[in-house]
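Got some structures for you, see below.
First chain A sits with chain B, and in the next complex the same chain sits with chain C.
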Partner chain A sequence: MTKHRVWHLRGGIYPPENKAQSLQQPIRSMPLPAQLIVPLQQYIGSPAIPCVSIGQYVFKGQLIANSPQAISAPVHAPSSGIITQIGQHPVIHPSPLEQPCITIDLDGKDTWIAHQGSPDYAGQSQDDLLLRIRAAGIIGLGGAGFPTAAKLHTSGQKIKTLIINGAECEPYITTDDILMRERAADIVTGIQVIAHILQPEEIFIGIEDNKTAAITQMEQATLDTGIEVVVIPTQYPSGGERQLIKILTGKEVPADNLIAQSGVIVQNIGTAYSIFEAIVHGKPLISRVTTLSGQALGTPGNVEALIGTPIKHLLHHAGLDAQQVFRIIVGGPMMGFSLISTELPLSKTTNCLIAATRDEMPPPPPEQDCIRCGLCADVCPVTLLPQQLYFFSKSQELDKAEQHNIFDCIECGACAYVCPSHIPLVQYYRHTKGSIEIQNNKENKSGHARRRFENRNARLQQEENDKIAKRQARINTVTVIAPVTNQTLSAENNAMEIARLKTAAATSAKLAVDAKKALIQAERKQAQNLDSLREQVETLQKNAEQARQQLLKAQETETPSEAAAASHSANTATLAAPQTSADKIAAALARNEARKIQQERARAVTSNSTESTLAHPDLTAPNTAEKASSTTEKTQNTRHPSHKDS
Partner chain B sequence: MTHILLAILVIMSLALLFGSLLDYVALRLKINDKGLVNKINALLPQTQCGQCGFAGCQPYADAIAHNEAAINRCPPGGKTTIYELADLLGTEPLPLNPEHGVEKDLPYVAYIREEECIGCTKCIQACPVDAILGAAKLMHTVIADECTGCDLCVEPCPVDCIDMIPVKPKNIDWIWDKPQGGGHVAFSRIPVSSIQ
Partner chain C sequence: MSLINASSPHTLAKNDTGHMMQHVVLATLPGLLTLTLFFGWGSLINCMIAAIVALACECVVLFLRKRPVAFYLNDYSAVVTAILLGLSLPPLSPWWISCIGTAFAILVGKHLYGGLGNNIFNPAMLAYAFLLISFPVQMTSWLPAAGLTQIGFIETFQLIFNNHFDPASIARIDALSGATPLDSVRSELGLSKTLPLIYSTSPFDGIFAGKGWEWVNIGFLLGGLYLIFKGIIHWQIPLALLLTLATWAFLFMGYDSDRYASPIFHLLSGGTMLGAFFIATDPVTAATSAVGRWIYGAFIGLTIYIIRTFGGYPDAVAFAVLLMNLAVPTIDYYTQPRTYGHKEAKFGRGKRER
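Let's turn to the complex of A and B:
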């Protein structure tokens, strides 16, 4: 067998591996905990939606949350028991925020739901296999947790190379190593299922040369299968997706391309094993192999743990020395993070828990200023400029950081590992990436608000325009009638004309009466400008008289032409009254004044009457009120005849 | 003598040539007024709150573009927006004018206490982005995702049933803390460079 060529990966570091301590024992299974807290969002994408209710009994492997979206995976009960809670719970995440979880109180019987698999994967269609992988809730177990079915669904894209990632370059973690040692044949079956779906031309398993036992096992298991085990040099981060592609194929995947577009798909060893379990045994992803390591543990090793098991339970059964433990790190010392609490549940992507002593992982020295030594740029596997990114991150120059391709950073931590100033570079980059995303969200939101604002303004403008158009239309209909009456000499039109004259006369009469009333009130209040008011009243009265006369004339003659003429003059009379704006304002002012006086008087009257009725039962107050009402009646009476007259 | 005259002539003609060229370029490449307004408007936070004294972000952008208003009148945008505007316009950034309000450190969203709402529709008319849903004499409610937190609905409410509450942080908005910088120990620091 010719040896496959291995390309050189630029940069990278060689940290102490610390893998031996967790490889002393075979994969153990853990005693059942009393309770499981199953996170519903344990992968990239939207959270699954619970499809069970509180108090319901669920079997092991029963679907408890589903999601209709493509980039998501359903969640199954890892053991049998009763659902006690569906709600928010803290999960393994660098943030203290809570996420939706389903809590199951276990009955300890671990009763499986009916399930069925078949070793004859070759007889099934690709779509069927993809559906079963999706239904089993399988996600990438390497770390990022991308739903596997979505990744394998290439939508017609031809895949040339299938790469199985057994590099496992991060210190301490040995889950893939031990899986390959103990379950090589099952993993190969899982790989063959993937190969059946993708039909690639070549299949490589990339394993770092520090895993000799695993390499031997895998080479034996892949004999005569067309799968090639490629031994790659131990170098961190060779297990990164794009890095492994580079090492095994020499291809560099463009930053803005999806990896599948380059005809390559990478799957993790653990993922291949869970695909085997799902297809051949019909078991959904309800447990995973996790490395428990660190000097604070009595019996470090790999355990097959149920998803949702509290970390406390796992560490306890691995002999955690509570006196010795200094910090608990999840996900490896290079890319993981410290946990604040051990009450958190294990998720599908938790590949490693390190309970470290103070000697093992002492607190880091304080951060110093950058001395521009350039070591970080030497080790960066993505050939970025870590220094520049650091300066931009520190000064929050987000656009410049983006221009310097901060989003291509895989956060491997090589730069921070070699930094002699102990600058937590990756944390700066993570913060900056988050800030850029928040800024983009804000921009999207403000753009959305602007569009809504503009739409609203357009709508209000449209409403206003419609109103004006309607008003114009009404005015037009009135003016259209007038010329028609002038031309057609029918009696009907004549009658209409007279009616119009009647209204005109009535309006002007009313105006005159109102003005007169206002004048009276003003006189009573001894307001200024009485003379001018008086004049106005006179003109108004004159106008009214004119209008009446014209109407009478029109009624007498009944000759349309004259009627039309009369109507015209009547119109001018009515218009003249309100249209001299000064008059109008004066009249309005006077009316307003009068109204005020009336209100005041009424108030005085009522207060008087309430206050003094007891002492002076027949005082003037009610009388004035009576008088007031009688005068209003009178004015109404006087007004009515004028209507009738006209 | 002729040499000197020639030199002066050449220099003058060159000056004339470049002067006219500059003029032509200035005319030809004049900043499109509308373009500038749009650019300014894109930097404003679009809360449409009117705290700047204009009837929304677009009119304020218009005023800035025509040198009729200072760039420090937008409290919702705060320092960031002022710096961005100063950057765009090539002016000095100014501190936020307190006359127009203070910058809030948290995003806010309007919340209607629904049992107290009398259904007067006044807040609906006040909302610049149509984020309030309801009809006359029926309960109103705020569409939280559309609300810009501009405050404009609080004033018109006759029964004072609208509160401005801080937006609950969402998981998706969580980001890593910025390291504290020189001299500090980043305790949760990853990677652990001191592996023994």
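Let's turn to the complex of A and C:
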């Protein structure tokens, strides 16, 4: 077999591996704890909803919570016992949060519920396999914990490459390493299940070259399977999903794409093993292999622990020296987070617990000034300029930080690791990312409010326009139809004639009333062309009266000819309509003008409100009287029109 | 059991600004040694004075700025600044030149901007330019490369500390000192002499360039290579600087070899190597992206050549570096590398409209 090419990963660091401590012994199982606290949200996505009640007896492997959501996974009882509590409990989380959990008091019998698997995965349809993976509650065990069934459900996207991530580049962690050493064949079966679902063209298992025993085991197990074990250089962070893809395929996943969109899917070794357990043995994900390491532990190693086991229990059985322990880390030392309590349950994604002494992981030295040495940029695996991002973060130049691709930062911590000034760079970036998100949310909100306001204004304007257009249309109908009626005199049209006359009469009456109103307003506002307006109103009123008379006459007469005659004379009234509409517009203009004046006045009043209170003699202190009097003058000047008005 | 809450990463490499600066100090030793061998004890004494003054100034400013004095002194940056300035000063420059220069470097060049990491200009070069403009006579009186024995240690000491007050010392210094080969070439060319004629006179009887100077430059070159090997400085800036300088020198020499000196002469004269490996590479004031470093180094090389050849100053490193210091923020902004998963580098584009 020709050796697969390995592409170079830019940057990266070589921290002390510290893996030997936890590889001294095979995977151990832990004594059953008295109680399990099973977190219901231990992955990305929505929390599972309990489907058991307090006091209920559950078997090992029994479904205790499920969720209808696509991106979620059900939860099973890791051992048999009685449900004693369903509610919030502190969980393993970067910000010590409480999340819904189900507490089970174990009966110690560890009685399995009936379960059945089948080694004949190839005989099952892909959808069935996906359903079974989902039903087994399997999530990505590498860290982020994305529900595996959702990840494998590619909805038609062709997957060319399936990558199994056995890089395990973080120091201390050895779960994948020891799984590959001890259960290589099972892992390969799990991989074949995944391959059966995805039907990829190529399957690679990427393993760092520091895991020689695991490589040997996996190479033996994959003989004649078409699965290729690719040995990659030991370099942190080669195990990052996008980094491993680059190393194994030479391709980069476009920054704004999901990984699956580029035809690649990465699965973790532990996930492959739990898929094997679920499909072949029918066992849901109720336990996992976790590395317990650190100098504060007497017997570090890998344990197969039930989900929900209090980590206190695990650390105790690994010989925790409570005097020596200085910090406890979940995950690896590069990307893990510290815990301030051990009263937390093990979750599906907890791949490592490090109980470190003070000497092992001392508190960070005080931060010095950045000298822009550029070591951080040299080791950055995604080719950022961490030194620039740091300055932008410090000065809160969020747009520049965003422009320098801060959201491409994978927070691997390589920059902070090499920084000679001991600057906690990752922390700065997290904070800046948070600030940018907050700002974007704010902007979205204010943008939304602005749009709402603008839309409202546009709507009001539209309504106003519609009204005017409607009126105009009505007037036009009358004027257009009127001449036509003149020519089509017939008995059949009589009724229509009368109807039209009715409309004409009503319109002119309405116009007259409107014009009168406008006139009154204009008088109140002392508009300039009052006389002409008055005349117009009078003509309008006359027209309206005329139209009414015509209508009455038409209704009285029954012969078409008379009706026609009436209609003809009515026409003279309606013919005045164009003129009337002009008047109408003039009146509307006058009204608008009046409204404007009013608004301006209102504005002047609000802006002067402080001054006016000052101006109020009762409220003005004697020593400000002079100022007040001058203000009054000013206010009076600005309020001049309103005075005139009243 | 009390646990601490800390942000990742939880382990750090054994690396320290102080250690990096110590390496820089160490790397100046070959250059300092050759300077001393060829030009006497003066440079060594200047460096000592500068270092003491720098530390004193640093202490005072840190105290005034209410900073932990010992913590900041430990970064050795003041010592590096002092030594770089001390190396640039003429060996017999009076003691107060070193004092004023160093104080200027630390107080104005560094702390007025906010201390280490915040200064725009290379403090040592800022002080050098300041001194050159303020005290041109003292700053251009170099010694001939007459070896360690021309003036004894005690006498050097006396000359440095007395020369402003004692007429005999002044006369002695005047008799001893003269222009550097670089300076003489410029002034003699100004008298329309040809290069071969100029080279036949005494300061030019070195193997490649001016006597003594070539070895001083080779000393700094070695120190610089050590820094690159140790990963303290990046190779792009020195390489770009030296390449550009050599290329321009080569082009002009090809045009008229009687009037334009050879690339070797330029590379091994004056402060070329000190500038390329120790001054232009000062991380705080240099460009920080890989492409940016090339641009920054290349333009310093070009500026050095222009000022040396057509300008009126004896050497050009200080001015070239200061000039390019100004351009660094712009260079950095427009030379972002291509990030993983992006089709191309942003080169200053893609800023969000807000």
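One rule holds for everything that comes next: the second predicted complex is superposed on the first by the 437 of 646 C-alpha atoms of A that agree within 3 Å, B and C clash if a C-alpha of one lies under 4 Å from a C-alpha of the other, contacts with A are read in each partner's own complex, and residues count from 1 in each chain.
Keep this in mind: a residue touches a chain if its C-beta (ideal position, glycine included) is under 8 Å from a C-beta of that chain, and two chains touch if they have at least 3 such contacts.
What you are looking at is a predicted structure, and each value in this text was computed from that prediction instead of being measured.
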TODO: Give one of first, second, both or neither to describe whether A:V382 is in contact with chain B, with chain C, with both, or with none.
DONE: second
Task: First, second, both or neither for A:F326, with chain B first and chain C second - done: second
Task: Which of chain B and chain C A:V52 touches, first, second, both or neither - done: neither
- [ ] Figure out whether A:S95 sits in contact with chain B (first) or chain C (second), or with both, or with neither.
- [x] first
Open item on the list: Contact-wise, after the overlay, does A:N405 reach chain B, chain C, both or neither (first, second, both, neither)?
Closed with: second
TODO: Mind working out whether A:I520 is in touch with chain B, chain C, both or neither, as first, second, both or neither?
DONE: neither
- [ ] Examine A:K394 and indicate which partner it touches, taking first as chain B and second as chain C; both and neither are also allowed.
- [x] first
Task: Which superposed partner A:V280 touches (first chain B, second chain C, both, neither) - done: neither
TODO: Please indicate which partner A:F453 is in contact with in the superposed arrangement: first for chain B, second for chain C, both, or neither.
DONE: first
TODO: List the residues of chain A that touch chain B in one complex and chain C in the other.
DONE: 15-16, 171, 329, 333-338, 356, 361, 363-366, 368-369, 413, 416-419, 422, 424, 426-427, 430
Open item on the list: Touching residues of chain C toward chain A in the complex: what are they?
Closed with: 1, 3-13, 15-17, 19-20, 71, 75, 77, 115-118, 231-232, 234, 283-284, 286, 288-290, 332, 336-343, 346, 350-352, 354
Task: Of all residues in chain B, those that touch chain A in their complex - done: 41-42, 44-48, 56-58, 128-131, 146, 148, 169, 171, 173-196
Task: Sites on chain A touched by chain C in the complex - done: 10, 13, 15-16, 171, 242, 246, 252-257, 322-323, 325-329, 333-342, 354, 356, 361, 363-366, 368-375, 377, 381-385, 387-388, 399-400, 402-405, 408, 411, 413, 416-422, 424, 426-427, 430, 443
- [ ] Spell out the residues on chain A that touch chain B in their complex, using ranges where they run on.
- [x] 15-16, 18, 41, 93-95, 97, 99, 171, 329, 333-338, 356, 359-369, 393-394, 413, 416-419, 422-424, 426-428, 430-431, 433-435, 437-438, 441-442, 446-450, 452-456
